[in-house]
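Going in written order, the chains are labelled A, B and C, and every chain counts its residues from 1.
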Amino acid sequence: MKIYTKTGDKGQTSLIGARADKDAPRIEAYGTIDEVNSFIGKAMTELDEARYADLLEDLENIQNELFDCGGDLADVRKSPKYKMTDEPVEVLEKRIDELMEEPPLLERFILPGGAPAAATLHIARTVTRRAERQTVTLMKADENVPAVVQRYLNRLSDYLFAAARVINSRAGIPDNEYVRSAKVFKNNGRAKKAEE
Amino acid sequence: MKIYTKTGDKGQTSLIGARADKDAPRIEAYGTIDEVNSFIGKAMTELDEARYADLLEDLENIQNELFDCGGDLADVRKSPKYKMTDEPVEVLEKRIDELMEEPPLLERFILPGGAPAAATLHIARTVTRRAERQTVTLMKADENVPAVVQRYLNRLSDYLFAAARVINSRAGIPDNEYVRSAKVFKNNGRAKKAEE
Amino acid sequence: MKIYTKTGDKGQTSLIGARADKDAPRIEAYGTIDEVNSFIGKAMTELDEARYADLLEDLENIQNELFDCGGDLADVRKSPKYKMTDEPVEVLEKRIDELMEEPPLLERFILPGGAPAAATLHIARTVTRRAERQTVTLMKADENVPAVVQRYLNRLSDYLFAAARVINSRAGIPDNEYVRSAKVFKNNGRAKKAEE
């Protein structure tokens, strides 16, 4: 059996447990999760192993979790075997809390960019938000969707924002503020601290 | 208050002045503007500061203007306070006119690529055109949209084309022509000149 | 005549033979083909000319073929002059067969990434699949679409997967497997061989 099976040449393709049009909202959503995964793979090629070991470990876990998410969205069997749980969402939250302590306090929107990997993670952040929007579309059209996938994508986009900031901070590259920004962030995502 | 507020975990989120489904056309449009902004941030990391100082200055202005555009699309208050005006559109036009004088005359479609930053700006160009398409969708669905945003995106995609060509021209990398292209460009975007 | 003609500032634009709203499915589809083309141009900047001469040759042909595809989708004349044929699809199949012999046998999903150009081709792969989905949407809405374009995009995404694996294999970078993957690939896309 070859990698190209030609079974999709008429515009339909296989889910786990059924066939569907290639442009179904379900396939749109996991196709974009695959796109997110690819941008994360790209950012990983731009990260120095010594200085960013913690982020590289996070990102490899995230790549695996994105496959869990995609596989769960592809599963339309009567009794689907979902892989995603709330645990990876909680791990992301813990990591966001840790990472947000590292860069300088943030009050205004920042211009995406800085170090190469930070710039790529900003792209991944926006593609993740696109995947989240498409997951919402799917959930409105079809109830057989584990809600944790959308929560995970929502948190992932905030993780990617935090990680991009940490990369720039460790690289000594300041994040430039949007010049006409109001003070939109409340306390930089940190619990209020007396000493700040 | 943390950066992840969890307020969007049910599929709805906040605009300036209302709440909406995350997959509303309005959010789609400014979400893609954020994606454009990220690709521009990426291209900036690939540009030498000395040789491309003029383009880096343009691109930083553009990043700020994209935030103006996104913020205006997010503003659904009865009396919205729009930031975008026609002025940045005119500045882009002036810059396109200047930049198009630099590379060799163009008659046929060119293959996107060349120097790293030129290749990234071609990507940004196509994502900008996606943002423009989604802004058109939004304008057809909802009249509370400042029309200048679509004009700005339309011009921006032409600016990014011109900038990609200038990068390759300064780097001494010729743009390869699409081999089966007809002569599609009329006079390379320049006013007809006797000496050419 | 300047490059910015302003004729699209009202949300409509020209096809070959008609005008249409900028967010028509047809324009969506060839706009995304242009996006694919740009990511391929990007990957080409990351490939060493000596080691990857064969892939660079493939990719330049593909860039030209993507213009053929885009032009064909733009052509809505009564008697359109299509450029795409089945031949480039067959060439892709031959190249996939050749390339898939090179990297180690594959049974499980792999995490996108590895060498820079491999990571970028994984992105191009997912954007190609988006272009394929939008072409399917177009074909469902409108019958004036040469079906070979969808077949070409379907095969192209498999070619890009194979090419990404070859790049990593030549660079001595192993593809990491998705840790919770089942054995999803049947015989690595190769004809079953006794000695394997």
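In the analysis below, a contact is a pair of C-beta atoms (placed from the backbone, for glycine too) under 8 Å apart; a residue touches a chain by one contact, two chains touch by 3 or more.
Since the structure is predicted, the reported quantities are computational estimates derived from the model, not experimental observations.
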Using the definition of touching given at the top, classify the network of chains in this structure as line, ring, star, complete or other. complete
Rounded to the nearest 5 degrees, what is the angle of the rotation that puts subunit A onto subunit C, matching CA atoms? 120
At the place where copies subunit A and subunit B touch, is the share of residue numbers found on both sides over half (same) or under half (different)? different
Please report how many Å separate the Cα centroid of subunit A from that of subunit B, as a whole number. 24
At least two partner chains per residue is the criterion; list those residues in subunit B. none
Contacts from subunit C onto subunit B in the complex sit at residues 1-4, 6, 8-9, 11, 21-23, 27-28, 31-32, 34-35, 37-42, 44-46, 60, 63-64, 67-68, 83
Spell out the residues on subunit B that touch subunit C in their complex, using ranges where they run on. 93, 96-97, 100, 109, 111-116, 119-120, 122-123, 125-127, 129-130, 132-134, 136-137, 139-140, 150-151, 154-155, 158, 161-162, 176, 178-181, 185-191
